[in-house]
Each structure stands twice: as C-alpha cells, then as structure tokens.
C-alpha cells in the first residue's frame, strides 16, 4: 500500500511552505486528519497559488453542429415534460457543475409556434440572446416582450418569467445564460413554480424598453428599488447603431475593439448583480492584442466571422458560434474580413468580480501583445 | 417718531409664539439688539412659516418681444466688450439677485457668424437650450460640440467653456441657464478666465454624445470620476423620439403629461449636482392637473403652443416663449391644440432640493385638480 | 434727478465685461428693464466675482454678557407664550435673515425645572450643544434623551421634537443651531405643531446612544432608511477621550489641531444632510496656521480658553463664548495656555457645500501661514 | 455493464422536468455528451433545487483537544519552513477545498516569543481572533498593532501583512479566518511574497484603532479610498462594553440575543467586501429560537459556555471552542449558565451574500421556534 504523501506542494521560495515529510510529521498529519484538521503548510502552496488556476478549458461550439440537435429536441420532448427544452453546453473541466465556463451556465433553448413554458423564478440570474425565428416572447413579472434577432433580454434573480412563441411565429432558438452553478456553489439557490403556472400580462407590450431604453433620459422623478435593471430588453438595432456611432470618435480598446457594456439605466451600473453583458465590434481586419482578466466569459458571434486565440489556441467562429474564455487566460480576437465588421456578444461574471473587489486585467507585454499560437 | 413694533408676527395658535409687546419687553429687545442678539419669539413665526413663502412671481416672457432686443444687442456690443452678449430675464421679486425665479438665472445669448467668446470657468453650473440659427458650437474642456435647434447642452461647475458660431453659420440665439444666484447666496462662487483666452479642441467633434448618448450602453469598463454627466449634449431628435415611444406605453403623469428627465448616463442621476432639466410632451388637448413642488422651474416652449395656470393666473405660450414657476406654487399645463403635441423644456433646482432632503410635491385635491383662474 | 449708472462694475480685464454707458445703451437698458430683463454685461462682474464675497462679519459673543439676558428671559416669558424661550445671535450683516453667519441660525435656549416646551417639527435641521444645568431632556420621535454638559444632540429635519427640564433639575441653558435661514432662502420651509402638543416616550431612555454610539459596531443586520443619523446624542466623555486617543497617534491638522467630525454611524457620513459638527482640541500653546474654506462656521468654546484670528482681527474666547467664521475668510486658532488643552465645538454647513460640489479650502502661504493682525 | 441513467432527478411536479429515459433519448444524450453538451431536463431538477443544498456538515472542534496539536506544531516546524505555522480545520464535506464550512477557511496559528513570519499579500481577505498569549503583533501595510485576548483584527485583500510575537511575550495562539476557498473557486487568487520579506513600521503603534475606533467620530475631512475598513483592530474591552450597553435598551434578536456586527467606520458597512464578523452576547439562561440563513458561519466561544443546536444536533461549547453553521441550516443557541453571560464571536460570508443579492433568513415557525433534537 502506497504511503500518503504530504509534501507534494513544496516550493523552494522564501515565504512559501517548504516542509519535507518525516515519519514524525506524517504521524502528526494523520492525527490531525482524525480530528477534522490538517497542517496548513501541507496545502498552503496549493490553495494559495501565485495566480488564478482555472478548471475550465477554452471551448468553441459550432452552431451548425448544435443546431440539428436542438431542433431534434423539439421532436423528442415537450416543454411540459422538460420544463424548458434546452441543450446545455458543458465545459470538459466543469461538467460536474454543469457550467460552460467558470460558474456560468449556458444553453440553447428551442420553442415552436404556439408553445408556452410554465412560469417560475429562482435565485439564479438569467439572460437570453435571440438567435433565430420570429414570434418569440418573454414575460418577466408581467412585462411581456417580443424578441427579435440579437436582442438581449434579462430575467433577473427573483422575477417570475416564462417564454413562448406566438401561434403565427416560427421555430425560435435563443441562448440562455445563467449563473446557476454559482448559486449552487454559494448554497443560495431557491426555485419556485408559479402558483398558476402562467402569469398575467400586466403592462403594455414592450413597455420596459419604451420606458427605460432611451438615451440618457428617464421617466421624470421615477424611482426603482430593485437591484437589477428596469430595462429588460436591449434591442439589437440601437445597439449596433451605438457601436457605429462610438466607433467614429474612439480608437477603441486595444484588447476588444469597439466595446460597450449593457447597463442598468437607473444606476449606470451592471444590469444584474452577478452577471453583465457586452457587445463588441471588431473593425474589418482588426486584430486585438492579448489580455487576461479575472472573470469568465461566454461569447456568441452576432455578426460576421473571425477567430480568437485563447490560451494560445486558435478558435474560428462565424455567426451564432459560441465560445468561452476562462478566468485569467490570455485571449485576443481577430476579424478576418477586409470589408465587413464582426460583432461578438458576450456575458460574464465581472459584476461579481468587481463587487467583491477581485477584478484585475493585464495586457500581454511580449511579442507585440500577440500570443504564440499552439499548432 | 414711530415706536418699534416687535409683536407683528403673533399667532393665536398653541405651539406658536404669541407674546405681546410691553414696555419692559421692548426695552429687553433693544438691549439684545445692541449685543447682536434678539428674542426668537419676536421673529419665530416669520422665520418658521407654516409652508414655503416664495419671493418670486410667475412671469412669462414672449420671445417675439425679446427677440428684437436680443438682435439689437448684436449691434450694440461685441463679445470682447461684453464677455458674453446676453439679455437676462429678471423676476420682479428677484431683481436684487439677478434671478428669473428662486436662485436660477436665465438669459438669451446671441452670437453672429465668426464670433467667438473667450473661455472661462466658474462654480456656477450652466446649461444651454438652443433656440435658432445654425453653426453654433460650444467647447467644454476640449470637447467641441455642434449645436442644433432644441439641443440641450451642459457646461458644468468647474469646466472651461466657450461658445462661438462658425464663419459660415447664421446668427444664433440660445437660452442660458445658470445657478449663479445660488452660488452667490452660498458664498461659493469662483470665476476664472482661461489663461490663453481660448482652449484647444482635444477630442473628436461631438465625441461626448457619440460615446455616452446611447441607450443603456456605455464604453466597456469605462469609469468617470467627475460629479457631473460625461454626456454634455443631449440632442433633440432622440429626445423627441423617446417621448413618443414612452407615450405609447404610459398614461403619463397627471401633472406633467409625458415627462422625462435628462440624466447622467454614468449614474442614472441628475446631470449636474445643483440643476436638472426635463422635456415634457403634452398630448393634443391635454390639460394636466395642478400640483406644487419645492423647487423653482424655468420653462421654454420647444414645440407647439398652449397655456399654463400658475398661482391661479393664466399664461399663454408658444414656441420659444419662456416662463417660470416659483417654489410651492400651484401650476397646471394645457396644450390648446386638438391635433399637435406641445413640448416644454424646463430646467430646475430639484437636484439641490433632493440632495438636501427638501423635495416635496402635492396634488391639488379640490375642484377636480384644477385651479380657479384669477381673471 | 441723478442719472442711472449701468457701468459701475466694469473691469479692464480680458474676458470680463467692460462696456461704458452711452446714451443709446442706457436707453436700451431701460427698455429691457421695462420687460423684466437686463443686459448681462452690466451686472456680470458683480454676480460673477473672482472669489466668494461674504455678507457676514466675524463676531464673538461673550457668554458672560449674554447669560444675564438669557436668564432674564426666564422671568419675562413662558415657553407656552414664546414657543421656545431663546435669545438668538444675529450677525450684523445677516440680521435680515436672522442668521449668525451665512445661512446658519444660532440661539441660547433656557428652561427651568419642570418646564416642557410643545412638540413640533420642521424642514430645518436642528442641533443642540448643552452648556449648563442638570435635568434637561429632549424627545426626538419618541427617543427621550438626558442631556449633559457638552453633549451634542440632533433633532433632524422632519422629526418631532420637544425639550424640557425635570422637576428636580436646575435651570438649563443650551445652544441651538439650525439652518432655518437656508430653508427659507431655498423656499422649502414647512412647520407643524404636534397634534397632541406632546409626544409619547416610545423607547428606553437614551436608547439611541446605547444602540448606535459604540465604536465601529452596530446592531447586527439592522437597517436604517432615514437620511440622518440614527445616533441622536453624542456624549462629551467619549468624545473628549477620542480626541486624547487620536492625539497620541497624529500630528493633527496644521489648521485645526486635533480635529474630529461627528458622523452618522450608519453611513460614516454627515449626521444630517445640511449641517455637520465637529469637536477640536488645541494642545497647550498650539497656534494653528490660517486657512479659509467655502462654508460658514459657528464655534463654541467647550473647554479652556484662547483666541482666534478671523479676517485679520483677533477674538479672545473662553469656555461658553460663541463666535463665527464666515465663508472663505482666513482663520487661525490659538490655545493661549501652556498647560491646559482647549476644545472648540463647531457646527457648519459643509455637508451642504460638499453634497453640492462646492467645498474648497486653501492654506495661507504668506508669512509662515499667519495673518497680520489688524489692530 | 450498467446502462447510463439520465432520469434520476425526475419530479412529478408541474413545471419541473419529468422525462423518462427511452432508448432514443439515451442515444440523443450520448450524442450531446460527445459534443460537450447535454439535455437540460436530465439535470434541471438537480441544479435547480427547491432550496439551497449544503455540502458542509455542522462540526464542533474542542479547543482542549486541538491545543496540544497546535503546541506540538511549535516544535515540529519553524515559520520559515512552514510559511505560517497553522493547524487548519476541515469540514468533512469540504476537505477538497480546505474549508471549515462553505467557502470559509479557518485555522489556529501559533507563534513563540521572538518569532516573526514573513510578509505577504493575497486576494483572499483574512481576519484574526486572538485566543491566548501576550506580545503578539500584526503589521498591516505599515500599521503595527498589538494583539490582546479576544481582539478582532483585519488583514484585508491586497494588504501586506505579517505576524510575530515580541521577545518578551509568551506563546500566542489565534484563530485565522480567510476566504481562500472562495478565491480559488472564483479563480481570482493571487499571492505575493514581500520583496524584502519584512515590511517597515510606518505609523505609530496602534494608530488605526486610535484614529478610527472611536464612537461615531472620525478625523475631520479625512477620506479613505480603499474598499475595506481603515480600522484594522477592534478591541475586546469596548466591544464587550458595547454589548452590555446595548443590552440595557433592547430585547435583542430572538435568534441571536444581543448581537452586533463589526463595521467599517468610514462607510458603516462590512469591514471587508467578502467577509464580515459579529460578536453576540447570550444572557444567562437565554435560549434563542431557531432560524436559518443563506450564508456560512464560523463561531468561536469568546466567553462562558453553552450549546447550540444545528441541523437538529446538539453541540456543547465552552471558551475557545470553534464550531460551524452551514448555509440554510437551522440553528439556535443556548447559554446554559444562570448567572454568567456567554459571548460568541463569529465570522461569515454575509457581505458576499448581501452584495450579490442572495441573503435570506427564515425563523422556524413550528414547535415554538425550537428544533427537535436528534439523539
């Protein structure tokens, strides 16, 4: 039988733990274990790494390949059976927590004309990014919204929500993003089914966007006590226009091109407390420099095509492809086209990182800011 | 010689001062006076009124009549002589502090093609509302902005600013709004002329609007440490569109119709610390109910025509007319047209009132919410 | 009859108004006047001074001389007649607004054993500083507090409050500080007498101090939604101890010695939205350097003796004397004793200045930081 | 070979996933797996539980038994070898992440006279609670603090810190609390050794407490831009006094007796962004009612003795014993003594829960609020 080893993490650096196993020490360690205890120096270098160590891998999911499975699900299960008819994306390093990257869940939901899912609410914050089809809608706490291509929609922590497609619509697919894994990790996840299974529509259709989706204007004297955005749907058209407008007056970020965050218009801050989202435009031929950030990212290509280099590996993407960037991993983006711009939607956990004081970012200094690509 | 009277403010109400003058008391009061002191009960009911007492009157200035004087000023003085070539509006009750109402100053500034005023900065916060002409521009801390009809522009406390009209422009008139009187009252007013008389243009033209004037979007990760809005120009087109959009999903305010505040997109709050501004749309035939607020208001009709009833008196207005509503005075607005909407721009000191915890509002309960009009 | 003069404020400085009266201009000005208007350049240099111009004078009130008048009031009027039996202090430059300095009111209130004033509330924020006597108490929204020498007490904007002295107490004198003048200037002042004239005691005596007056500790999970401090009484003993403790680890402020602000323990900020208060200790022999600040100050000597030089004039003070420092006026303090420390209590409008973005301070550079004294 | 089972989490509840495995479906699921994907309905009921599911167990560590091991460590390793000489406590359900409960690490550190650990900093926030010995000190960013029994000390995220014991001190033991596991889970953990191994003492000894540890007072006009408390040491004497003082005016919490949070005096909020701490006093004979909270807690008995019922199991504690309460687990506390009060120190992740909008609490309704105890 193999002897237990306690000195696997030794480092020959002043200020770091560096204790070799001895018979006496090993006995001491075993004694401690029997009392639900241990010697810090046997694990200190492991639990206090020099910099973040991610369990996630960079992954890209080609939509072409996923789409057939998603549509297949339409035949295989009903929303009544499934709750929600979703194909989720699982990071090889995070399958145990059903995460696409870090503590972020994502999946592709599909609904056919006339279908309606039941209403529920949970501690997890959720968002949608609309991929294809017409007639989809979401009802969040009585605010019914029509959903169009590349619209970004919130269903925040604690809100009743349900989705459906109108009778005269087509099959619709959208991407769901949630922080379910984080809620479970934090042991804070509650779930409720709506007592009536469906909720009423209590406000004019799309009232949230008409009320709060205006540039630097808000209903006079209006207050809002919730900790998430009163604006629930961010439409694609004005978002794309904003990127073009902003592009005319900025050089853009060296790391992300023309890059804007979706914000809560009531506070100017993140739309939800735990997750944020952004849209970025890469100009024709743009190749950004590499940087890394504390935080996990799920991207979807909303327009055009190109590739990203993540952790030294190249991932080619085109419209609707989804890929992830793990925490503290170098990444850079390339728009391969000479004539067309490319847009990347992303959602991430930066609001969590920022609110806990953990956000950091670093640009790559070597090699002109470009990673060597692992072939 | 008339005897001094100290009991002029007596009230026969329990809890209020009610002390009749006696010879002994009057002697006591005079003694106190000689020591830079006094008896509170001789003034308590005056300085603690049951509700706010304004020194301002409601006034309306017809632009038709002002305009000729404003244009006359163009001939009479140069910007070099005048500093700024402005006709200010003086409330009959506030001429001593050069205020249009309460502690708010307003005036009409005029500049001809090729003119350029010198750059300065001050503790007062300032704003502009563009009335007529083409080619006007403002430069605020290096951000040069082109100014169009009904645009709303900030030149906040402490920013270098200067105005001009392009060589190929026309005569331009705009309304200035400042809190100069408040700054003087608070004994906090500083003034500086720019060392070079003019400042450089340091950013792309209109960069502030392109960067910050987008709906619920902001440059990713951007921060802003100033206590005023990074958005300096709020254009008329998207503002009017926003009012129409919002009108489709709201009943509007019973007191103000379709009513939106211009906000600082970085915080969602007031654009400057001491002054705010709003645009409101009165639907064809709309007659709002009366209310009163702690705060002073300067209005300009930006579109259409109608009238307002202020403190029981009727004031008829059409495009470009300016009128004021004093603090805690009943006011209601009427769009007289059956077919056209009417828009009122206003600026006010509500940010000051709110930040000091003093804002209050009250709707008129009697008579269906409408004031009897004094004929 | 004298001709009107409009060019009294001309300045020969580029960027400032410099227009000489002509017959044509004077006629123009009179035309404007008849329309409730004026030419800005005739007043611009007056209303936009290079730096703040105060209307207040520095004044010192010797308590020895005031005290006899205050006690005399005890005989002359009852609280029922007077509302409150107070001798107020009036700045020669601010008698019109009943202010001791700037927009701050102060007065000395006196009550005898068994007396009880009626309960009221108002928009003005109020504070007390206890000067002499035993048995005084205040009830603020049901929180009854016993008042001891040099205690600092709040009765914030909107709270019901009333004062009295226990039957077995002695004649008590305290200083009241209020922002009544500011509330009137802002046309925001409301006043109400309690419907029952007295309010109930709803909490254990001195509960506010026992609950919130502890060092960096607060009731677990407690929330507080009011915009003023939940701590209503700041006692002298721990305040003086804190000054001594702090003195052991700091050099102190060059301008104010050992200088601490009373804060709202729930936010760490000012105890009320419009007024703040401080206590400072001048070490034996300490002579601070001169500085000036945007803001008005009312001081009371709480311990020891010394003098201050304000606007170049010397004011000698000893325990209980009151003096004022106007906005943007140079001031420096001197503890004349070689062996005893001296303490100055002060209240001020810095929270108003700070929240409106107007606070500035400047140290005197010349003459080693000391003002020449006008003899 | 056993067939894969995908329908293990089915629930017969409307709105929940309820899809039985079929051959066709299982094939579909396997297809998805091969593409780093899955069907949400196979895991939905697992990852969206009705309420939080904790991986931690309630555990109590008797100090009597730990102490000998801790002292033994003193002989076995030097601080130079070990980095820090600490025995950590490991929850049986969280040994993989080296946590005592949830994402909280705790350990007992021991140092002998004249020992000095090297200086380092990390993303993890840390705190200390002093258990025994004299002469211990901590240096945090140049602020050296002397440590006494039951003092609570911060070494926040990003601060350089090091510990030691004076030459003339005794063997000292204290409890360390850190959120190392959370930092690793969030993939946000950075670690640095001080370039000089030791840092200088840059301020007077114990200056932080003398400056910021005063009741509702702070250095006048002082600002603080860090996101943690400027007060680094909270001493036991004033804390215990505060509890006694507060006890005189409150009934206390039904769940926690006399219960106070340590706060950041600059903001009134939590001392660090991710972890908070509290001290509570249980009055003689007090038996609190059961409640449960979203958040994990590590307790140490600071005074007296008693027991807690956690998740239906009884844990007896006396001074220095340590125990944990997992998230959303019922717990109630009992002071067994008729005459002595008992004090429990605790630290927890409530600041994380609150800032992310996840905090909830619930009192036990049944059985008078008392849990049945599992024998």
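We call the chains A, B, C and D, going by the order they appear; numbering starts again at 1 in every chain.
Quick note on the criterion: a residue touches a chain if its C-beta (ideal position, glycine included) is under 8 Å from a C-beta of that chain, and two chains touch if they have at least 3 such contacts.
Small disclaimer: the values here were computed from a predicted structure and weren't measured.
Chain centre most remote from that of subunit C: A (centre = mean of CA atoms).
Between subunit B and subunit D the centroid-to-centroid distance comes to 53 Å (mean Cα coordinates, whole Å). As a whole-number value, the distance joining the C-alpha centres of subunit A and subunit B reads 44 Å.
For the pair subunit B and subunit C, the distance between C-alpha centroids works out to 29 Å.
Contacts with at least two other chains are made by no residue of subunit D.
Annotation, chain-chain contacts: A-B, A-D, B-C, C-D (touch as defined at the top). Those residues of subunit A that touch subunit B in the shared complex are 203-204, 206-207, 210-221, 229, 231, 234, 238-239, 241-242, 245-246, 248-250, 253, 256, 259-268, 278-280. Only residues 13-19, 24-25, 28, 31-32, 35-41, 43-44, 47-56, 59, 61, 65-66, 69, 72-73, 76-77, 80-92, 97-98, 102-103, 105, 107, 118-120, 122-124, 157-158, 180-181, 183-194, 197, 227-228, 273-274, 294, 296, 326-328, 352-353, 355-358, 360 of subunit B touch subunit C when the two sit together in their complex.
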